Every structure is written in structure tokens, then in C-alpha cells.
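Next come the structures, one after another.
Next, two complexes with subunit A in common: one pairs it with subunit B, the other with subunit C.
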Partner chain A sequence: MMHSPLISETLFQLGPLPIGKAVAVTWGLLALLAGGSWLLTRRLRLRPTRWQSLLELLVAVLDGQIRDTMQVSPAPYRALIGSLFLFILAANWAELIPGIEPPTASLETDAALALIVFVASIACGVASRGPAGYLRTFAEPSWVMIPLNIVEQLTRTFSLSVRLFGNIMSGVFVLGIALSLAGLLVPIPFMALDLLTGAIQAYIFSVLAMVFIGAAVKETAGTHPASKE
Partner chain B sequence: MTLDWWSLGLQAVNVLILVWLLSRFLFRPVAQIVAERQSEAGRLLDEAAEAKAAAERVRAEAEAARAQLASRQDTALRAAEQEVAGVKARLLREAEEEVRQLHERAEQAQVARQQAALALVEERATRLALEIAARLLERLPDSVRLSAFIDGLLAGLDELPAAARQALGAESAALTLRVPRTPSAGELEACRQALARALGREPELKVAVDPGLIAGLELEGSNAVVRNSFRADLARLHRELSHESA
Partner chain C sequence: MDNPIEIVSILGAALAVSFGALGPALAEGRAVAAAMDAIARQPEAAGTLSRTLFVGLAMIETMAIYCLVVAVLLLFANPFVH
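Coming up: the complex of A and B.
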């Protein structure tokens, strides 16, 4: 990846839609994750196999994180948070496959992820507090804070996308430079570092998404029926 | 820096589709199977609790049945012991009764043997006395064995009731005079005269020799008998001894 990361490279044109590398890789990851999930969950049993136990452990850890971070029942948010984490992790680690550029190294992908978190926080806030109640949160602790709260909503969404983009893109660049300069063995430590960075960034993005959505629904979390679990 | 809005929209749609797909094929099935397992575990725990409770009930019933059985066993044992004691007492009583009867029978048998032995001794003594008397009489004259007893015979007649003596004297049939040996004519005449004095008339006599008399005379009529002989005396003595020993 020696071209500018700020420019989206188009692979082919699908009608009016320009299909870039990130979109194509995303489709591949989408098929891989969905197909793998279907394969792994098509024969679930009460007596779990090793793979089923791994999946159940993943869901249990995810539910625990949601419950600890958002202080609500994890069921309504499990799919969104879990899918964001798995997709970002898979996208970040896709860098290890030769010739594959991670979709999260594309600003459009990170912006789309942040946009989804932004919309989800608003939707969950409105669903939890009602439209008026959600809008009143911008005037807390006083109406003077309304502009700052609006700016906070926008900037944290922007920072969410830029953080992920910067970390992954920089890793891709470092790895590309190392590959171009030192051959095969030298980039291995950088690749291991990218694995760690990719996992951490996926975790950070997911936790921040939980924090943002949880902040939107937090005021009524104590009265949420499922929060008594 | 340019932002490809088409790509941004496509990625957003892609991620939303991924969210739906993973929710459909990963999170929902796994959460559902976990919930089912929890439900099944709860059901199994409930069933285990019910089974435990049932087992406790069965154990309590078994304990009660065992206690009841032990009580019945004790009762049966006591009843058996009482029955055995009763049977033992009855057998002891029967054994004691049997021993007592045996003892009585043995005593009776002993008494009978003693009486038999005594009778045998008496019989032997009687025979011995007769034999002694006979041998002693052999040393006396034969006239003594007969004539010496005439006065005794008359005394016997005197002891008879008057009516019996008169009836004896009035008999038309001959009176039997038993003697130990054949009397001489003189002895027979002496007897006839003595009887005539006692009876008031001279009787007709039929002499019968009976050595068993040893010594003496016996007069027999149809209704009365007067004995004055050693045999009669020994017989009387024997009866008297027998009465004394009884």
C-alpha cells in the first residue's frame, strides 16, 4: 500500500456505484464471518462441542462486557457491539493475508462504522428516553451546555473513526515500508505488533461504542426491565 | 483528502447487513442455546430436587417401615418367648406329673412286690408252721391227735347259737365227722357219746378221713360246721396275720 490512504481506489464500477478495494474485502469478510457463523451454529446442542463452547464463551464475555460497561441487559446490544468487534478484528487482521488491504485502513469504512455508532446511540437514546427526553440530555447540566454537547456528539464520532483509521493505516504503512526495505523476515515483528494493535483497536472501538450508547440510555438504565438481571 | 460517499454508504450498508447476519446466525442461536441449557439445567435441578425430596420421602417411609418391622419383630419375639415359656411350663408340668405318676406307679409296684413277698413269706411261714406242727405231733401218741380234741369240739358246739345247735341235732341226715386219721372203735364211740351229750341225742355220723386236719375234729351238718383242728387254727391265725399286715 504505497498509494495515498486518503484516496479510495476503485476496483470496478457496479452501475453508478464505484466498488473500491475496501468494499470488496468487506464483502469477503462479510461472507466469511456469516458463513463461518452459519457453519458453526447450525448444529448447536445442549451438550456443547469444543467449537460451540468457544462460541458460547465469546458470547458470555461479550455479554459481561456490555453488562459491566452499559449497566443494562446485554441482549438488545449484543448483535451490534459483537458484530462491530468481530468485523473490526477480522478487518484489522486481514492485513496479514498477502495482497489484502484491511478495510479499516480506509477512512470511508471507519467513518461508516462511527456513523453507525452515532446513529445507534441516538436511536437507543430516543427509544430509551423518548425524543423529548433524549433532547433534554443536551441541556444537561444546563442549557448553556447545548452547543458543547452537540459538538461533543460530533467530535467523539469523528475521533472514533479517525482513531481507528490512524492506527490501522499507520500499521499498514509501517509494514509496507518494512517489506519494501528489509525483505521477508524483518516485517514479522511488525506483523505481530499489528495483530496486537488490531485486537486492541477492535476492543477500544467496541468499548467506546458501548460507552456512547450506554451514555444515551444510562439515565433510565436503572428502570430498564432487563437491567435487573 | 476526498471522502468517497458511495463507499461510505456501501460500507455502512455492509456493516448493517453483517450485524443482521451475525445476529441471525451467531449471537441469537448461541444465546438461545445458552438460555435453553440454563432452562434445562434449571429443570434438571428442579427434577433433581424433586427426586431428592422423593428419595427423602422414600427413605423416611423405609425408615418408618423398618421401625415398624422392628417393632413387629420385637412383638413377635416377645410373643414367641411367652409361648415358649408357656410351652416350657406346660411341658415341665406334664413331665413333673408324669414323673409323679411314674413314682406313684413305682411305689405301688414296690408295695405290691413287698406285699407279694410278704404273702410268700407268710405262705412259707404257714407251711413251715404246719410242717413243724406235724413233726411235733409225730412225737405225740396218735390218740392225742384225735381224742384230745373232743372237748374242744364240744366247746365249739356250745358256742353255737341254740337254734343252730338244735337244728344240727335234729338233722335226719348223717353228720360228717372229719378226722385226721381213721379212728379206732373206742375213739369213735367216745366221740359219738360226747356228741350225744352235747346235742341231746345220739347223732348218725359219717366219718371222713382228712390228713390235712393234722390234728383235731370237724363236724359238718347241712347248715352248720364246727371246726376244732390245727388246720382251722392255722387258717384263722393266717387270716389274723394277714389282717394285721394289711
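Coming up: the complex of A and C.
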């Protein structure tokens, strides 16, 4: 029988803190991503090696996406958006390793990621417009919209986390049902579908993060169609 | 299974998923049809169109996913069942 997707398994205790399975997998992924990036960027050359050109391609594609979506220079946002995308992609694809559930299939990880985007959008807005200027954007187009704008800030953060959680959790769940019905080879098409879903959800999460941050930074908020949802 | 709330929440979960799948299915069909139409008219824009289509489809799918989350909440984290 399957366990509830809303309860996280405790792996071990770290003092008073129970460390869940998802948190341990997250730490492993973080170590892998950070260590891999450090190893690959340790000896950068003008004539790139194979791995370096792969990384350069990745960064170039990322820069292009940020420039297309936010219509600003990508340099200040590259680190945040790129890390979000790479981490979510790695987390969604972690289910390919036997015995590991993707950490994004538990709500805490997604809530933390959405909170990062929430705080980043406020911080970028304050940094580019000043505190008073940022607060004034809540009263656009008129002061009647102030409660609605505040509610929008909260609900879009919530929907960002629930979207990722629901998509990945449902994939894991369907896989579990398929496995319990028929063991060998049957779950493979579902796993392929999960790979696609995982990649698309990582892309969407980072695009929405870009849209939210861009709307907080830009003069005319909401020029991108996705910002209306 | 004596608790009537459990029976009602199972029914509620099934209803949430079934009706929650209806709307997004219709909407995704319309979106794909429109994208096919656009690609047939302008095959050179297929790359941009399909990228936007995927993002739009995932957005629409989110509504069904919300219903799924509600169903999971009803089944596994029902506040009225102890």
C-alpha cells in the first residue's frame, strides 16, 4: 500500500531536528551540482574543452531565455534563475535513480523554492525602485487594487509551489500504481512521461520566477502574456 | 468505514478529479488545435509555437493538478477524519 504523499519520512535525527528523506536527497543534489560546477569551472580555457563548451552552451541558452522573457540584461538574474532551473531539473529527474524519490514530490521543498522566488521578487523590486517606489506599484492602476495586488502576491507564490508539487507528486503516484499492478517494463512509458513533465515543470517554474521578478523590476508590469496566468 | 465523512470524502475526491479533468481536457484540446492550425499556416514558426504551447499546456494542466491535490488532501489529510 502506498503511503500518504503529504507525510515525509524521517531518515535520522540531527539533534532536535528530524531530517527527512527529501532533505537528505536535496543535500545530495546540492553537493552534486555545486561540486560538479566547481570541478568543471576549475580550469577555464580560451579554447574550451568538451565539458566547458557544454556549460557555455547552457549559460548562453539561459541568458537568451532571460533576455527574451524579462527584456533586461541577464547578468544580475543568471545565478538565481539558473540555479533554480538546474536544481529543479535535477530534483525532478532524481527518480531515475532507484530508491530515490524526487524531493520536489514533497510539499516542503516546493514551498521553500516558491518562498525564494517570493523574497527575490520583493528584494529585486526594492533594489530597482526603492522601498517607496516598490510599495507604490501595489497601488497601480489605482488604489482600489491594493488588496487585490497583495492577495495576488500570496496566491501566485502558493500556486507556484502547488503546481510543482502536484505535477511531480502525481507522476510518482502514477508510477507507484503502475508498479503495484505490473512490475516489469510497464512503468517505463510512465517514467518517460515523467522525464518530459519534469523538464517542462522546471522550465515553467523558472519562466514564472523570471516573470514575477521582471514584473517587480520593470516600469510597465505584466507585458509578458504569462504574467496574467 | 462506518464514518459517513470518510464515504463522502472518497466520493468528493472522485468528483473533484473527474470534473477537474473535464475542463482542462477541453481547454488543452482547443489549445493544441489552435497550435496545429498555426503551425500548418506558418511551419517556420514551429519552434516558438511549440515552446509556447508546452508552457500554455502546463499552465492549463495546473487546474487539473489543483483538483488532484484537493483529492489527495481529502483522502490522506482530511481534517474531519481522525
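For this structure, a couple of remarks:
Keep this in mind: the second predicted complex is superposed on the first by the 218 of 229 C-alpha atoms of A that agree within 3 Å, B and C clash if a C-alpha of one lies under 4 Å from a C-alpha of the other, contacts with A are read in each partner's own complex, and residues count from 1 in each chain.
Following the convention adopted for this analysis, contacts are C-beta pairs under 8 Å (C-beta built on N, C-alpha and C of every residue); 3 or more make two chains touch, one makes a residue touch a chain.
None of these values were measured; they are calculated from a predicted model.
In the superposed model, A:38 lies in contact with subunit B only, and not with subunit C. Contacts of A:100 after superposition: neither subunit B nor subunit C is touched. By the touch criterion defined above, A:122 lies against neither subunit B nor subunit C after alignment on the C-alpha atoms of chain A. Of the two partner chains, subunit C is the only one touched by A:204; subunit B is not. In the superposition on chain A, A:163 makes contact with subunit C only, not with subunit B. Between subunit B and subunit C, more residues of subunit A are touched by B. Residue overlap on subunit A between the subunit B contacts of one complex and the subunit C contacts of the other covers 6-7. Of all the residues in subunit B, the ones that touch subunit A in their complex are 1-4, 6-12, 14-23, 25-31, 33-34, 36-37, 40. In the complex of the two chains, the subunit A residues touching subunit B come out as 6-8, 16-20, 22-23, 26-27, 29-30, 33-34, 37-38, 40-41, 44-46, 48, 52, 55-56, 58-60, 63, 75, 78-80, 82-84, 86-87, 103, 106-109, 111-113, 115-116.
Those residues of subunit C lying in contact with subunit A across their complex are 54-55, 58-59, 61-62, 65-66, 68-69, 72-73, 76-77. Touching subunit C in their complex are the following residues of subunit A: 4-7, 159, 162-163, 165-167, 169-170, 200-201, 203-204, 207, 226, 229.
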